[in-house]
Amino acid sequence: MSSRIEILNAGGYRSDGRRQYELRTISIDLSPRGSGADGSATLSHGLTQVSVCVFGPREAKMRSQTFHDRANINVEIGIAAFSSSERRKRGRGDKRVLELSHTLKATFEPVIQTSLYPRSQIDIYIQVLQQDGGLLQACVNATTLALINAGIPLYDFVCAVTGGVHSTSPLLDLTLLEENDLPNVTVAVMPRTGKVALVTMETRLHVDRFEEIFRLAGEAGKVIHGEMKRAVKERTQDLVNAMQSVGKAAGTEVVDEY
Amino acid sequence: MRPPSPSIPEKEFLFTALKQSLRLDGRQPLEQRQVELNFGPELGWVECAQGKTRVLAHVDAKMVKPPPERPFEGIISIHSEISPMASSEYESGRPSEEEVTITRMLDKVIRRSDTVDKESLCILAGQRVWHLRLTIHCLADSGNMLDCACLAGLVALKHFRRPEVEVIGEEVTVHLPTSRAPLPLSLHHTPYCFTFAFFPDTSIPPVLDPNLLEQRLSGGLISIALNAQRELCVVQKSGGVPLVPDDVLKIVDVAVNRAKELDALVESRLKEDWAGRKIEVI
Amino acid sequence: MIEFTSFRQHPDNFSVKHPEDVDMDMDMDEDEDEDFLQAGSSKITYPGEYLTSSQAFMRGHGTYVDNEDVIASVSGTVERVNKLVTVRAVRTRYNPEVGDLVVGRITEVQPRRWKVEANSRQDAVLMLSSVNLPGGVQRRKLESDELQMRTFFEEGDLLVAEVQAFFSDGTMSLHTRSLSYGKLRNGQLVAVPPILVRRLKSHFISLPCGVDLILGLNGYIWVSKHVKESDREGEEGFDAEAVYSNRNDDIDDSTRMAISRVTNLILVLASHSVPLTDAVLLDAYEWSIEQDAHIKDLLQDEIGEALVTSIISRG
């Protein structure tokens, strides 16, 4: 099915007025959610918005699921029925949702230093609030931020971006409209080493085109990393400042062995 | 039940061997196990084996009324089941993570990549279309069931022939296979799936078509589905140990060559089988 | 299909080496890599940030080594003791140390032990042999004690205890073998981020308004009616009835108000990330009385901000 809206017009603009390589606005909120979560993050890429809460590392609910040498990671995703233009309830048993949570679990398992927390469990709960393309990308980025916010040690950030190809021109950070029409790739990179943690592609694309968009998405991941890094630093700095403003002056009795 | 994890010496043994590009079953790192295709008496019945991994695929077709939103397209549904018979790891009932992966990958490789020309399955717009049911049964798992299942499913679709139908006005006549030769499905392309395992120790090269032990000790898998025309259909590296981007592209290159070889094999086996079948047309 | 073997590159993940072991590195160039920690300023890190070379420095908590680089794994502040580099996460679960005072809640009664939830990475263990038994402090535990464990602590009970030791898997073991430890009554629990509770000379604080505070290092704070020192310890050493009692004492209205006020103050201070010490709490309490602020109004944003500003200026 092809839509009547031009994906990329003659002037080089996309349907929402962006250029080919332009990313959508990212907004990041790292303030606590009030649910007693150890870390949380709400992130939006344009109109796609997800909220993630991380609990743990904590005592595992089911002892059979624990590992003697590392923490178990549990990912659960809820997709709000109102998140897409077509109201649709997806249950927990939905294969697509299961696959998504499995993908996230597998992505973060080697990134989190799980061996520090034997027999514990880290729960990651994701709520998808709005969908406008790039769902996996938003979930990966928001989960990274929530994990950092919870103080869980990670080897690196994981930054994901979608990319697509319109005839021969590559586009980045696709909206739902573009995602439905174009072959698209989601790539998650670890910016420090440039290694790729996740690649998915579901539509037909020539090998040579794939290489182009794959490399491009890897680069774009580093741009996203910059934004995520800034948000994390800002939040950390705020907390540190708040603690130091009083701690130093009133801390005459503090027995600080650090 | 979680399978007992391999012991440390087993693991060490495998990893040291792999570092020297040796695999425990004597293959090269990028060598597939021998693919065997056996066709059943019926059209669209294929048993595919890679080593000890065996998968059975079966296609049947029936006529149904199409859903109102897609009146010109036929329907394809894929049913896959991993029974405890394949391996003691699987339980009946709740689908395991692996089962979800296989089901979703089959869906992506066969259905979402537009393998079958759905419009050619239309008999009478809005009234009658063909509904193809692809059933996949995993008989034995000794690693890399996904590739085997995809291959079996695809070959089954290629092998299958549907009865010819004739439409005169609103009247639909189905010709028995004995009266008119049944027709093959029209396929846009044939994607083949290749799974590579990579390991936590980055000095170990990735291996194609991992066996059970390699799969269990791997740091993750990357599955690539593509056709002989160098078109990628699915690339799936869902997590696992991070890879250098160039390695991913190298793996894709390997898959391109393997797809051509596999395509030639499948075509020749299908031709052989077809030659052996006597279709009587009266 | 995918079975993971987690990263094993750093088998020494948790071993924080003593600064003395580092002497051999001391002759390394002192000036190189010094920029990451200037005196007075605290550098903020994020996971994956390069800190220094592992040739010259030892890595501590919150860091890992990759290719001779020391890299941060959490976001927080860099700290250095001689050649040991650590990153202290700005928010994290409680990391227990032996001797810490914690407030916890019983989650499970198991044979000869209780499981205690204490905001750590795993539930803590309280052994039957680590509690004071009725009828004298120095008594052998009997089979009858095992059978009536629920009369001491049952699921849901709150208690204050000390971290005694660690099991091999890192689970902490608690003890309540002191007259100041044991079951908690006459008040309410507040949970704050553990980093806001610093190690103090005493974690039992009595405010002049008739409120006692127990600042658990795990971020759980017990706010209760003041109990006289002599009453708490009992005249004849140990009174099992009182220690394991589930009944609250009579609490008059003004004390109840004071408890609520202190609780709300703690919540406000915690939401502004102000470390909690007795001095800060006392200041905050005085301020709220001076301002004549109603208890529930304390939780409003403007009043909370005014409170924190005043605390900072006083400090």
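A, B and C are the chain letters, set down in written order, and residue numbers restart from 1 in every chain.
Basically, a contact is a pair of C-beta atoms (placed from the backbone, for glycine too) under 8 Å apart; a residue touches a chain by one contact, two chains touch by 3 or more.
Chain-to-protein mapping (UniProt): A = Ribosomal RNA-processing protein 41; B = Ribosomal protein S5 domain 2-like protein; C = Ribosomal RNA-processing protein 4.
Everything numeric here is computed off the predicted structure, so don't read it as measured data.
Which two chains touch most often is answered by the contact tally, and the pair is A-C. If each chain is reduced to the average of its C-alpha atoms, the one that sits nearest the average of all protein C-alpha atoms is A. Chain centres here are Cα means. That of subunit B falls 55 Å from that of subunit C. Taking each chain's centre as the mean of its C-alpha atoms, subunit A lies 31 Å from subunit C.
In subunit B, the positions touching at least two other chains are 97, 101, 200, 219-220, 238-240.
Counting only residues that touch two or more partner chains, subunit C has 2, 4, 7-8.
In subunit A, the residues that touch at least two other chains are 106, 109-110, 190. Note for the complex: subunit A touches subunit B at residues 95-96, 98-99, 102-111, 185, 189-190, 193-208, 210-211, 214-215, 218.
Those residues of subunit B whose C-beta lies close enough to touch subunit A in the complex are 95, 97, 100-101, 103-104, 107-108, 112-114, 189, 200, 219-220, 222, 226, 230-245, 248-249, 252-253, 256.
Contacts from subunit C toward subunit A in the complex involve residues 2, 4, 6-8, 10, 13-14, 42, 44, 46-48, 50, 62, 64, 66, 71, 73-77, 79, 81, 88-93, 107, 115, 117, 121-123, 169-171, 191, 195-196, 198-201, 272-275, 277-280, 283, 311-312, 314-315.
Residues of subunit A touching subunit C in their complex: 36, 38-39, 56-59, 68-71, 106, 109-110, 113-120, 148-157, 190-192, 229, 232-233, 236-240, 242-258.
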